[in-house]
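Once you've had a glance at the structure underneath, I'll fire off some questions.
Per-chain numbering from 1; labels A, B, C and D assigned in written order.
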Amino acid sequence: MSTPASAPFSVDAADPRVEALTRLLADTAVARDREGGHAATERQAIRESGLLKLAIPQALGGEGASWSRTLDAVRRLATVDSALAHVFAFHHLQVATVLRYGNAEQQSRLLGDTASRGWFWGNALNPLDKRCAAQAVPGGFSFHGDKSFCSGALGSDMLIVSAWHAESQSLVIAAVPSAREGVELRADWDAFGQRQTDSGSVRFEHVFVPDADVLQTPGAAPSVATTARALLAQLILVNLYLGIAQGALAEALRYLREEARPWSASGVTRAADDPYAQQRAGELHLLVRPAELLADFAAATVDTAFAQGPALTTQARGEAAIRVAEAKALAHKAALEVGNRMFDLMGARASSGRFGYDRFWRNARVHTLHDPLDYKIRDIGRHVIDGTLPEPGPYS
Amino acid sequence: MSTPASAPFSVDAADPRVEALTRLLADTAVARDREGGHAATERQAIRESGLLKLAIPQALGGEGASWSRTLDAVRRLATVDSALAHVFAFHHLQVATVLRYGNAEQQSRLLGDTASRGWFWGNALNPLDKRCAAQAVPGGFSFHGDKSFCSGALGSDMLIVSAWHAESQSLVIAAVPSAREGVELRADWDAFGQRQTDSGSVRFEHVFVPDADVLQTPGAAPSVATTARALLAQLILVNLYLGIAQGALAEALRYLREEARPWSASGVTRAADDPYAQQRAGELHLLVRPAELLADFAAATVDTAFAQGPALTTQARGEAAIRVAEAKALAHKAALEVGNRMFDLMGARASSGRFGYDRFWRNARVHTLHDPLDYKIRDIGRHVIDGTLPEPGPYS
Amino acid sequence: MSTPASAPFSVDAADPRVEALTRLLADTAVARDREGGHAATERQAIRESGLLKLAIPQALGGEGASWSRTLDAVRRLATVDSALAHVFAFHHLQVATVLRYGNAEQQSRLLGDTASRGWFWGNALNPLDKRCAAQAVPGGFSFHGDKSFCSGALGSDMLIVSAWHAESQSLVIAAVPSAREGVELRADWDAFGQRQTDSGSVRFEHVFVPDADVLQTPGAAPSVATTARALLAQLILVNLYLGIAQGALAEALRYLREEARPWSASGVTRAADDPYAQQRAGELHLLVRPAELLADFAAATVDTAFAQGPALTTQARGEAAIRVAEAKALAHKAALEVGNRMFDLMGARASSGRFGYDRFWRNARVHTLHDPLDYKIRDIGRHVIDGTLPEPGPYS
Amino acid sequence: MSTPASAPFSVDAADPRVEALTRLLADTAVARDREGGHAATERQAIRESGLLKLAIPQALGGEGASWSRTLDAVRRLATVDSALAHVFAFHHLQVATVLRYGNAEQQSRLLGDTASRGWFWGNALNPLDKRCAAQAVPGGFSFHGDKSFCSGALGSDMLIVSAWHAESQSLVIAAVPSAREGVELRADWDAFGQRQTDSGSVRFEHVFVPDADVLQTPGAAPSVATTARALLAQLILVNLYLGIAQGALAEALRYLREEARPWSASGVTRAADDPYAQQRAGELHLLVRPAELLADFAAATVDTAFAQGPALTTQARGEAAIRVAEAKALAHKAALEVGNRMFDLMGARASSGRFGYDRFWRNARVHTLHDPLDYKIRDIGRHVIDGTLPEPGPYS
């Protein structure tokens, strides 16, 4: 199966590295989805593309791309492989975490090394999972316990880790080298979609974390600027969902044009001339297209919010959160619906396993369970009723 | 009933004339919807606002506003009174017709007079209705026969009229003073919504039309630039539908905040705290918000297309038509759904006739029958399947 | 406009009185909807049909029809006039109230007179409206205060009234002659739909109610059998909604067959051959048809529950309530959607006021606000999750 | 994973063999879906259950069960394993084919042997696939060529085969022992759902078919009674889809009750108390419940139609086809939607591969591609518009 040739959407087509990576991932996406597990070769290709330093400030050796542009790359990759796109995106989320939480020295050192050495970051910041405990020890902390849903941890060079500090009833957040003694990265991710996201668990066995690598100390009140990390995390999901929807629709339209057979009762000789197929194609496009506009609009809003730095106000953060929530609701629905209904354009023969077309729905279904849509819509409802802003938290 | 105080949408709030007119229309909208008929007072207020020359080029005495800006005014008015907003919008459509079809002299004379004398234009260009016949007579044509669905004709100063020229099997299009001998404007519009659009029939009784006022002569091949009139006509509908949806949602949210009672089984003391009300509010917003972004995007595309003038290509026209069709599909659905489901936010007491809240659905339902959505979606489907452009015509 | 000739639904066609009444109501339904107010002539025709004694036991001079059969008549009338069908149905609800709450003497006297004298009952039992107070006086109670939403009260012979007894914090329920001194029936119902339901307010000015007419005394614990009245009340709504949906669809199909014009882009010469019109017709039928089966199933369940008399268990009552709720959810959606989308089968000309086709949506929209669907669906959800039964109350 | 303990639906619980088989299939359904391929052990268990002779007339050694009762068993099995349920159902479809097409001798011999020897029948009757040719040879026909989508062929004892007879431009239909020389059953079914239906291709290499086993000779005009086979085929799909929907919902509700965690923003301590979870549960039930009633109604109609034998009229056949189409539309939608949205009740942890919950959607998605829903809905639309009956064919 080749890369969808004619996606009717504006994507970051200008960056040949993104396009090359998209083609490379497309070539093996169906086979790798079937196998699951860790995509070492493809993660190496991502490293070599240079795109891991896309969002790192130029002063630190990166490209200084906006989040909009970075997310365009995420979206484009997700049209063919939303699992690797997720790993790619979550690397950038950790970069953003260092930028949001780290001091100047930490930013300079950690991101400088990322740019120069090609580090790949993984995620072990899952605030709802408090099993990993932080204990103060001389010169730093000791982290001990398990973390689940650690996307991209396996195969990473560095981790962002949250640990629960019982005394202060708050989180410690730190950067931890993946290879540090006591860190065990487990290949135990077994979801039925997003199979190569390396989202298994990590075991921390009395891992020493020096003060220099602590990004948030116990009891530190989160600033508006740091809580904005959640907006970027959510916006990554928006673009992953959207990429899935775009990729699924592009494939279904290609199949309709090139391979589908007209139904016996349709009276047409070309499947693409079937009036109901045309209608269904139009309907699916009308799910994807608005999601795209809202995603772009939300990304621009987040760019603006992030540009405020520490001056970001609660109001501006909250309004940006609503923009992201709007985009997420539409992208969520588009990904699930297109993944589900794309088959109505293609017919029974498209269910053959060799096409792997069910992966769009499976990837969308697993990933859209990240946090429940109903509470996103509730937040939007509260906002339009009387201006209530979503409560800052890990998901809003 | 007051103007919705806090519409959460970007509207042309910068123009105080539009805001003043919106308030004025809102004051009597419920009562006038009940009465139906011709809104002489309000149409006079529109005249006096100066907004009828909004889209006329500055060189001809107008304000030279873009279609985007003009449509923002249409949308804003439609939030409280989509019937008068329609009459207002269709005036501008006739202005556009003179600009698209007229020669320099005609533009200068007809639009110059419109700007200086405050002319209000009505529509009698309905290409599917061929009952009005054009016959060549010395110095011009004689128009004879009936036209239906002539929005804004009653109460107008000037009409754009199409008449069927049998010899050439084509349309003659001309500007005709509404008071000319033989023109009979009938108050026979009786639809259950959009009641004050003055969309009745016009009888032409051997009406003489001098050559100087003929905008399109028999047999003239329509250029790409003239067929673009249909894009503006469709985009007007988009903004009317969208305004209805915005106005309905704003009213429902206001009522929910200020008047609604909590349901006995809800366990909350304020209707606005009901989890299902919050959800429904969020859902309705998620119908309106994407429609707004698509409408803005389509308007920008049409601005660009119109700026091409005679250089507009078939491809650019077709792509603009698809952008407009996308926006129309979403605005259509938003207007009908919000008009229908707004009551779920308000409860039984909101069905009292004194609120007139059913007018949103009635207006939306009547106006969305203008041309069928299914063929719009089919056109979009054909386009995304293989790039087919909609066939230029009165509705696409 | 004639009675829909070929409704594709099973209705109580066997009863020629129902059919005759349906035809009679159909003849003037559009005009009367426009006028609103009290339909004295038609209510007299209902009286003269003899159908007001349909559900009264044969021993008391009635026909002893099952609730299923009685509701079939309600549903049939509602296909053409859901307002009068509501008044008709609420008469039977009051009959059921006497049967459920009254003692043998009360049943014999009140229903015997209803059968022999052709009494028409109206409703003033609205438990959420506690403004009407009951005070014990020698030989009975004095009722004083207002009641709203009193369907069928205007023009009735007898009322079922609830009044709030402050001392016992409970309701008194009684039968009260509509002409009794102190009872003022107000023609103040002004909703935008169900206009001739005479659902205005009633003023009770120190109205004396003798003990003999008290059906529920203060502090009497409601039995399972009396709380089952709510099931019948809800089932009436089901059949009214369903009748609206059936009537709207039948009209739209008739118009499509006989009057609609094919769309210019459709390529067909008969509107009924348009592939999208056929699809939309099928979709609307698929909203109506399941609602019909569920309504019939729910009615059979309620027949069984009512046949239990005082032996009705909480469990059986609760399960019947769920069956009714299921039917109500589908009938609610069918009525609103068919009332809304029927126009897509018919086109712009069907919006003419002379057809009055908007009345289906208006009637459906007003009546479906009776109690909120979201809490019905929640009750169903709770039941399927773990068997929770709806809490007995006025709406469940 | 255990059998869903409390499916809130009426199923053929009376037959302990069906229940035992359901439990047996449930034990390994997730593992076998993962492996795919041929379920030899389970097909042997089906043989041993005795249920393969359920629908064979008692006079021929069977149980003489109605199709309704037989389909209840299909539906029940499909709640846990829709692939094996399909193989089971298609066996019965072949039994019906012998009953519809065979003469008395053929029925007696072929079904007598089926009852006494426990034969399992597979399907190679695919009228749209004309690659297998029939050529007259002395004493019978020679079948040569390929057939695709041959459900249950692999592992079967007998096949019903259609072959294209070019001279008469018609089909020959015959019973063929699966082990006959020249018959090659291929294990090449690779769809992403319904994985163990053994629906691969069959190669016929000059297979001799004696006249005695020919059920339909070339050029024989199909009678109404034989074309009714398609109704049963479609009704089997209805019950498979419905079983999937029931099974998926039952599992989701069980998980919600027993395993799901409340969302952090929900404010409840038990996931089952979340107002949105309750709503979603109610909504999903409202997709399943009507489908169940329509399926039962359609089955009763088909029972009646089949009981007519050769006296079945075109009209009665057509109306039964509409009943089946109605049920199919609802069951189709229920299966896909519940398979998709069940996860909204369960949350992210339910995506673990060990639950195998994605199989409901995968099975539903593959199986609902059997023939397109849009043409079913069109047929229903045509019928309600003017009584048009579906054209008898392999799918209607």
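The working rule: a residue touches a chain if its C-beta (ideal position, glycine included) is under 8 Å from a C-beta of that chain, and two chains touch if they have at least 3 such contacts.
Note that the structure is predicted; figures quoted are calculated from it, not measured.
K.L.:
Averaging each chain's C-alpha atoms to get its centre, pick out the one most distant from chain B.
P.N.:
Farthest by centroid: D.
K.L.:
Name the chain pair with more contacting C-beta pairs, choosing from B-D and A-D.
P.N.:
Pair with the higher count of C-beta contacts: A-D.
K.L.:
More than half of B-C's contact pairs recur, by residue number, in one of A-D, C-D or A-C. Which one?
P.N.:
Within A-D, C-D or A-C, the interface duplicating B-C belongs to A-D.
K.L.:
Let me have the rounded angstrom distance from the C-alpha centre of chain B over to the C-alpha centre of chain D, please.
P.N.:
52
K.L.:
Counting in whole Å, what is the centre-to-centre distance of chain A and chain D, each centre being its mean C-alpha position?
P.N.:
Taking the mean C-alpha position of each chain, the two centres sit 40 Å apart.
K.L.:
Quick check on chain B: which residues sit in contact with 2+ other chains?
P.N.:
In chain B, the residues touching two or more other chains are 275-276, 279-280, 374, 378.
K.L.:
Tell me, which parts of chain D touch chain A in their complex?
P.N.:
Touching chain A from chain D are residues 128, 149, 190-193, 263-266, 276, 280, 336, 340, 343-344, 347-348, 350-354, 356-358, 361-362, 365-366, 369-375, 378, 391, 393, 395-396.
K.L.:
Enumerate the contact residues on chain C facing chain A in the complex.
P.N.:
Touching chain A from chain C are residues 275-276, 279.
K.L.:
Can you tell me which positions in chain C touch chain D when the two form their complex?
P.N.:
8, 249, 253, 256-257, 272, 275, 277-283, 285-286, 289-291, 293-294, 297, 326, 329-330, 374, 376-382, 384-386
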